[in-house]
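Each of the next two complexes has chain A plus one other chain: chain B in the first, chain C in the second.
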Partner chain A sequence: MAFERNIGPKIVLSITIILMVTNYYLSPQLFQDIGKYIKEFVVVIAAVMLGLGFINALLRDIPRITKKEPGQWYFSLLTIIFIFVMLFLCAGNKYMPGTFSGMYSFLYQEVYRVLGNAIGAFAAFFVFTATFRAMRLKTLEAGAYTISHILAVLGNAPIGAVIWPGIPIIADWINEVVVSAGLRGFIITSSLGGVILVFRYVIGKSETVLGSA
Partner chain B sequence: MFYSGRIGSFGILVLICIIVYIRLRQVVVGKSPTIRRLPALESVEEAVGRAAEMGRPVFFNAGYAAGGLTTIEAPIIGAAMSLLHYTARLTARYGTGITIFLGPINMVPVSMDVIKAAYTIEGVESDYRETMVRWLSDSQFVYTSGFMGACQREKPASHVMMGGFWYESILLGEAGRNAGAFTVGGTPRQGQVHFMVAICDYVLIGDEYYAAAASVSRDPEEIGSIWGADDIKILILGLLIVGSILQVLGIDWITQLLKL
Partner chain C sequence: MEQRHIIYLLLAIMIAIPYIQPIGIPVETSKMTRDFYNKLKSLPEGSAVVLMVDVGLGSWVELGPATVAVVQHLLDLPIKLLVSGGSAELPVVWEYTLEQGNIKLGDNKYGEDYVVLGFITGGEPAAAALADNLHLTKEDQYGTPLEEIPMMKDLRTAADVKVVLSIMAGTQEEWYLRQWRAPYGTDVGIIVSAVTTALAMTYYVSGQIFGMVNSLRGGAEYELLISKPGKGVVGTDMLSLSHLLLVGLLIIGNIQLLYEKFSGTRKPEEKTGG
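Up next is the complex of A and B:
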């Protein structure tokens, strides 16, 4: 008897989706308990995956360091060092918080978060460069985009009302009528696409999410 | 039995499933609609061709999509995997190679399998490398900075960004553009579409993203789901028009029905 490839995972996927849908719609305790267990199971799998990720990182980066892979080995070395430093500090913070919590907090608050914010700040420049490119009046769409953009910017800045009192009114109208209407249509159709994709998973007509296509 | 206020939405869900299933069956027995071509999807081949001419890599980005398959982002990521499969098949055919950058760690084995399957179908399984899949971080800015660094070092010819993007979409897109990459984008997340429009040469927006994911396979049953989706959109449009008119006339039974 021949079995289709992936038939087991497909059945698990279908049943899980159906159970989670029933968990949302049906109130009896049984469905609530099943939903709760599935969510807990996901947390357990995620925890196992963290351990697997740790081992994978070591398997990937240690050979790169030993082979001195050009352009890569120093990044791998830094990765391994920081993995062990954070692991040591996390364990220390749990068992000897008096000694380690300061160092752990320092690395998280003063290094990790600050570096993250620095990367986030790039967005300010990139919004400018992307907008500059998009606002070149090459097509009708680009023209509509540019005019709406200018009105929205002026409408939100005090200078807009100084130039002409109607600008903030037009900007509000664009935001509340045009943008809202467009976004609702967008949300409805996007959600519909998502629902249909999940339905295809349930009936086994799409399986790329399982890793094959 | 049902939670109060959710019977109406359950009815709509069942109706959607029935319509899509009917259309799927109709396509199987030979009835098939004509599907318009999506320029953004066709431009993926142009992007891969460019990479082949320039001898530089194709970067695929599925977005940070926190949590990946374990969150509400799962359908978006699932569709991204279909588009990855399509792009990977093209890169296998043209011999350019592909590199996907991932945020959710649970997508690493899935992506490896998808790319490997694509290379196997094209008959070049030996060209597949595990290094084609790069997991950067499940932290948004670490992921973003990792990708930006890769763009500067490796100068991709093309950047295909299709998936669940958050605020990092503009950073990723502009990093690719600054490295000289031809950029094709797609996301159903309404908060990021305006960035995509500004950044990319071609964009799939809204449900086009899911339709593209379904149509890349050219499988008749996938086409059936697009056909079903169009039927439902017409139904929703009709419901909106009739509902609005009835509401103006003071008749609110459609609203009451949906609130059940």
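Up next is the complex of A and C:
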């Protein structure tokens, strides 16, 4: 007897969707309990995935080190070293906070935070020059976009109100009326698309989440 | 020196000036920040508020001042505060918030007035699971069983929580609207990065989100509302000067473009990075 490909996962997917939809809309305790257990199960699975990510990083980076992959192996080595350093300090912070919390906090606050902020700052410089090059009055649409951008930027900074008190009012109007109207259309249509997609999953017509096209 | 390098230099100078010598450009409080503040201020005594930390320290420059000001306000109010979130850096963010803000815990006692649950992985399903069961983690961040914590005895589901707040730089507000507000009626407020403010605006305008603290600017506004000016107020000077530079450059660039267009001296498009 020939079974359709992915029939098992498809059935699990359909049942899970039906259970979660009933959990959201129906009040009987049984549906509530089932939904609650499934959601807690997802949290457990997500925690397991963090461990899987750790193993995945080892599987990806250790071969790069052993093969001395040009231009990469030293980054991989640093990655592995810091994974284990943080793992060690994290466990130390949990079980012997008196000894390890200082080093753990130092690495997070004085190394990781600073590097994270630096990456954000690099992006800001890039976006700044990209905006300068992109916002040009080449067409009517580009002109409207550029003028809206200038008003929104000045509206977001206190200097806007100093230049002219009307700027924050116009910026608020752009945000609350123009942006909201456009986004509402987008949110509602994408949500309806989501409902249709879920329906296709339930009846087995779509299986992209199972890794199929 | 290329054009972009000159712009980088100008931007660095504009940011450095107010850092060395604050200018003190007046900050006007926006309606969305005031709504956020008024909602928290009007909470009845003993109300439970959940603060979800959904960002890491990488966003601290933008969201730090607002986080510090809102946490200080929450601890000054006669409410019960539960701290959790989807950021793995939550424990460090919480400690850093208290340390950087030099936040006085005052009469607040751990376990009676505030509890830190810790990080919960899993995105929106985790937010939903927490709404269904506030005892999901079984223990707090420091390993104390939740059943032994006095504050947690009356807190079982999101129905026992008046307000959920998210510190975020993505679209997490939708998680709390779908999983906390819709089924349990918990009010949602957000402390949000500037880019995400535009996305969340539609929910604020419709009244689904009661208030928003918009990035660095919102942080400065909130500092002034609680009468504790700090890094947010200094930061808005940098925001003002850098934004002013951008607008100035846009105007100059477009004047140049229009001049070249009408004088027929425009060169072909250049393709450049960064």
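Here is the rule we go by: the second predicted complex is superposed on the first by the 185 of 213 C-alpha atoms of A that agree within 3 Å, B and C clash if a C-alpha of one lies under 4 Å from a C-alpha of the other, contacts with A are read in each partner's own complex, and residues count from 1 in each chain.
What we mean here is this: a contact is a pair of C-beta atoms (placed from the backbone, for glycine too) under 8 Å apart; a residue touches a chain by one contact, two chains touch by 3 or more.
Note that the coordinates shown come from a computational prediction; the quantities given were computed from them, not determined experimentally.
Q: Which partner does A:Ser180 reach: the first (chain B), the second (chain C), both, or neither?
A: The second partner, chain C, only.
Q: Which partner does A:Arg133 contact after superposing on A: first (chain B), second (chain C), both, neither?
A: After superposing on A, A:Arg133 lies in contact with both chain B and chain C.
Q: Applying the document's definition of touch, where does A:Val198 land relative to chain B and chain C: first, second, both, or neither?
A: First partner only.
Q: Applying the touch criterion given at the start, work out whether A:Glu40 contacts chain B, chain C, both or neither, answering first, second, both or neither.
A: second
Q: After superposition on the shared chain, which partner residues are touched by A:Asn156: those of chain B (first), chain C (second), both, or neither?
A: The answer is second: A:Asn156 touches chain C but not chain B.
Q: Is A:Ser105 contacted by the first partner chain B, the second partner chain C, both or neither?
A: In the superposition, A:Ser105 contacts chain C only.
Q: Of the residues on chain A, which ones does chain B touch that chain C also touches?
A: Chain A residues touching both partners: 24, 42, 46, 49-50, 116-117, 119-120, 126, 129-131, 133, 183, 187.
Q: What does chain A use to touch chain C in their complex?
A: Residues 24, 32, 35-36, 39-40, 42-43, 45-47, 49-50, 105, 108-109, 112-113, 116-117, 119-121, 125-126, 128-133, 135-138, 146, 149-150, 153-154, 156-162, 168, 172, 175-176, 179-180, 183-184, 187 of chain A touch chain C in their complex.
Q: Where on chain C is chain A touching in the complex?
A: Interface residues on the chain C side: 4, 7-8, 11, 25-28, 30-31, 56-62, 89, 92, 95-96, 120-123, 125-126, 128-129, 132-133, 136, 183, 194, 197-199, 201-202, 205-206, 214, 217, 220, 236, 239-244, 246-247, 249-251, 253-254, 257-258, 272, 274.
Q: For the complex, which residues does chain B have touching chain A?
A: 1-3, 6, 9-10, 13, 16-17, 20-21, 24, 69-70, 74-79, 81-82, 84-85, 105-106, 109-110, 112-114, 117-118, 135, 139-142, 144-145, 148, 153, 167, 170-171, 173-175, 177-178, 188-190, 193, 195, 197-199, 205-207, 209-211, 213-214, 217, 221-222, 225, 228-229, 232-233, 236
Q: Which residues of chain A touch chain B in their complex?
A: Of all residues in chain A, those touching chain B are 21, 24-28, 42, 46, 49-50, 53, 71, 115-117, 119-120, 122-123, 126-127, 129-131, 133-134, 145, 183, 186-190, 192-201, 203, 205-206, 208-213.
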